[in-house]
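Read through the structures below before going on.
Here chain A shows up in two complexes: once beside chain B, once beside chain C.
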Partner chain A sequence: MTDPTDYRAPIREFILNRFPGFELRDEDDIFALGFVNSLFAMELVMFVEKTFQIKVPNNEIRLDSFRTVERMGDLVARVTSGGRAPVL
Partner chain B sequence: MTTTMIGPDPLAGPAEEVRHFVDDEIVPHADEWDRAERIPRELLGRISELGLWAPFLPPEHGGSAMPWTHVGRVHEEVGRGCSSVRSLLTVHTMVAGTVQRWGTDEQRARLLPALATGELLGAFCLSEPDSGSAADASGTVAVADGDGWTVTGTKKWITGGQIADLLLLFARTGDAMSAFLVPADTPGITVTPLTGMMGTPGSMLAQIDLDSVHLDAEALVGPENWAAGTVMTGALDLGRFSVACGSVGVIRACLDACVDYTTRRQVKGTGLAELPLIRRKISDMVVSSRAGRLLCAEAGSLKDAGDPATIMASWVAKYYASTAATRASAEAVQIHGANGFSPEYPVARLYRDARVAEVIEGSTELQQLTIADEAYREARR
Partner chain C sequence: MTLVGVVGAGVMGAGVAQNLAQAGHDVALVDNTPQAVTKALSTIELNSRMSRLLGGPELDPDTILGRIKAGTDLALLADADLVIENITENWELKRGLYLEMDHTVQPDAVFVANTSAIPITRLASLTTRPRQFVGVHFMNPVPMKPAVELIPGHHTSPEALEKVRDLLTSMGKKAIPVNDACGFVSNRVLMLTVNEAAFLVHEGVADAETVDEVFRSCFGHPMGPLQTADLIGVDTILYSIEVLHEHFADSKYRPCPLLKQMTDAGLHGRKSGQGFYSYGAPAASSAAVDSGGSRPTAATR
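Up next, the complex of A and B:
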């Protein structure tokens, strides 16, 4: 599974499960929407790593990679297709 | 004590030596260290010999890959003996855990082996004279200066600051926060001991002033401008877990002290231990230590699984265990009567130390707000 769109559904579901009732499109900036605090940001990083069995490399841990569902999906696709063995 | 142990104890077997270490080398000296307001170097060296500074690190970095559930039990045992020692372990864990989680390969290779042995001691530098709960209101500023950063500001209430070698320092970089790994002997840093603290005075607090301190580019740890959602939250999560476990240890110390005292003390010819109101207090200590340990075990096993739910589990464990430790230690002082106020018994120290856990790593009020937020969020699902 390397198509980034395949990774989006679980990410969207995780966010909406924590913040029910939001109309969230894959390209919406979740930080700009104002409901993401630092605690949830950390949970997101952990969720992505655990769900997709990856370790997000240091150069990918940046706000921009986690800004939207779309970008998180792209991030997972980049890491998994980059030949990095799952480490978790 | 069997009343406080549930199921197989992860400290059974070889790690039984942790319990002996606490009983033989910490408990007998905790009051003396409290009065001296310092922990002797020899004790810190013993923690190194036992490999307890950062046992969660993998063997290639000098650790023993100890699961967090076990690390939690170690911090509980140490907290049973002395909260000042546990505080030093707490902040060191936050620093070593940060390097492990967010550090570059170079930072890991350079720092982790020395953090594992305690050759380098870490301190967590977030709070300032004018900002504690509002952790993002940092007055410490790091300005990019070509080949690195120039940092100016003041950090206050820094546990272990008097003896730390490596500071995990948070500073404002533009509109956001970034984190830096800073050798404590970097020119421009002044360390001023803070003495006379009501609780955990042995944890050697300091104020740390930074006057145009130059840092190399490699000092940055984790993402620039996004420390709040990563390094800071991650480190505080480990700190909260450690404080929760240490608070369970405080409750157990109260229980041990009270069972011992009430067994010996007579009032009007009746042993205190026979009085129903006293027995009720003892029961509460048993139950809260067991409940606190279960919450810590839950948070620890979620950490071991890499599950994001560990973050909220650590909040819950810390809120419960720290407030229960305050109650238990207040009752312990009460049970001891006048002796409870005297330095001849450990319970006054336990009471003062327990209060600290309600302020650090997210105060009781912040925990109440955060946990309630979660409840309302869940209700909307």
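Up next, the complex of A and C:
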């Protein structure tokens, strides 16, 4: 069984590297915080695909899947374990 | 449904081709190197996948790519009803292309110049079809932007203008008509703003993040001018300001040396992975690129 928390650290690091100085909890909505736009969301998709060597299913490429570090970790866990991604 | 030729498969050309395919048109996409064509098709596939994320419709990348025939031979454009040109903002390159296309493309076809600054009447004069020549200034990213500048040249016929307006409507674009002048409305103002913003960084008045923060927080702009520069392409900004400088012979359009240096160094913005900001995506070919930092490159000057 893949633990989603394993994937959170590199994702959090990627975000904080681009927006240094922010305190970011895994459940914080990065879009609601106001400093992330949809172009950065696109970079996040590319980052998780490259870092975790996965292809995110097209139906998962939406803001809701990338809203928090927690959700992104869950998404990577689902894809790497080969499970179908449930609709959030 | 129309067969539309798209010449130049860079950021703008790929966006135009994708938008046309989304609208159900058949597209012939041409660039002068196989690498550029391959990269454009990859970009279109990626952007189709990302469409919903960026606030657009859900797209099937296979359907979009299935409507696009791509290659390096201008003969692909021979039967097109319209050809949209999107090559580098360089007079000599555009001149050579239009002279060749005028022979290659069927005589009834309308030519559409997607240019940032070069006057449409001047481009039309290169061809034997100035009545079938229209300027359209698309915005980047093309599939996401709802409006364009529509620019008739001096000789443009009402029929040609209507044909292009219909095509734009099918692409979901509102066409805002403006008269022909170097830089039209948008880039006459925007390029000066970006150039001056680059001077502020160059002179050490503020770093790129601070300049953009002023525009975002004080004016409520969604992006600052240097974020916009990275999105458009620093090289494209430089070429556009050079065209304005040459055309008006007015020193207020003198290009900022920092834009020149960044262009030479391959720091072209989002498309190269590094510009005023670092993106960590595709690395530019230049060894001068610093791939490590997250701070704006220019801020370290």
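FYI, the second predicted complex is superposed on the first by the 81 of 88 C-alpha atoms of A that agree within 3 Å, B and C clash if a C-alpha of one lies under 4 Å from a C-alpha of the other, contacts with A are read in each partner's own complex, and residues count from 1 in each chain.
Here is the rule we go by: contacts are C-beta pairs under 8 Å (C-beta built on N, C-alpha and C of every residue); 3 or more make two chains touch, one makes a residue touch a chain.
Please read these numbers as outputs of a predicted model, since none were measured by experiment.
Enquirer: Once both complexes are superposed via chain A, do chain B and chain C end up clashing or fitting?
Expert: Clash: chain B and chain C overlap once superposed on chain A.
Enquirer: Is A:R62 contacted by the first partner chain B, the second partner chain C, both or neither?
Expert: Both chain B and chain C are touched by A:R62.
Enquirer: Please indicate which partner A:V45 is in contact with in the superposed arrangement: first for chain B, second for chain C, both, or neither.
Expert: Both chain B and chain C are touched by A:V45.
Enquirer: After lining up the shared chain so the two structures overlap, which partner does A:G21 touch, if you call chain B first and chain C second: first, second, both or neither?
Expert: First partner only.
Enquirer: Which one hits more chain A residues, chain B or chain C?
Expert: Looking at chain B versus chain C, the one contacting more residues of chain A is B.
Enquirer: Just name the clashing stretch of chain B against chain C, choosing from 9-17, 279-287, 333-341 or 369-377.
Expert: Superposition on chain A puts chain C right on top of 369-377.
Enquirer: Take the contacts of chain A with chain B and those with chain C, and give the residues found in both.
Expert: Touching chain B and chain C on chain A: residues 17-18, 20, 38-39, 41-43, 45-47, 58, 61-63, 66.
Enquirer: Which bits of chain A are touching chain B when the two form their complex?
Expert: Its residues touching chain B are 17-21, 36, 38-39, 41-47, 49-50, 58, 61-63, 66, 88.
Enquirer: Looking at the complex, which residues from chain A come into contact with chain C?
Expert: Going through chain A, the ones touching chain C are 14, 17-18, 20, 37-39, 41-43, 45-47, 58, 61-63, 66.
Enquirer: Which chain B residues qualify as touching chain A in the complex?
Expert: Where chain B meets chain A, its residues are 102, 104, 136, 222-226, 228-230, 232-234, 237, 305-311, 370, 377, 380-381.
Enquirer: Provide the residue numbers of chain C that touch chain A in the complex, in ascending order.
Expert: 46, 49-50, 52-55, 58, 60-61, 222-223, 231, 270, 279-281, 294
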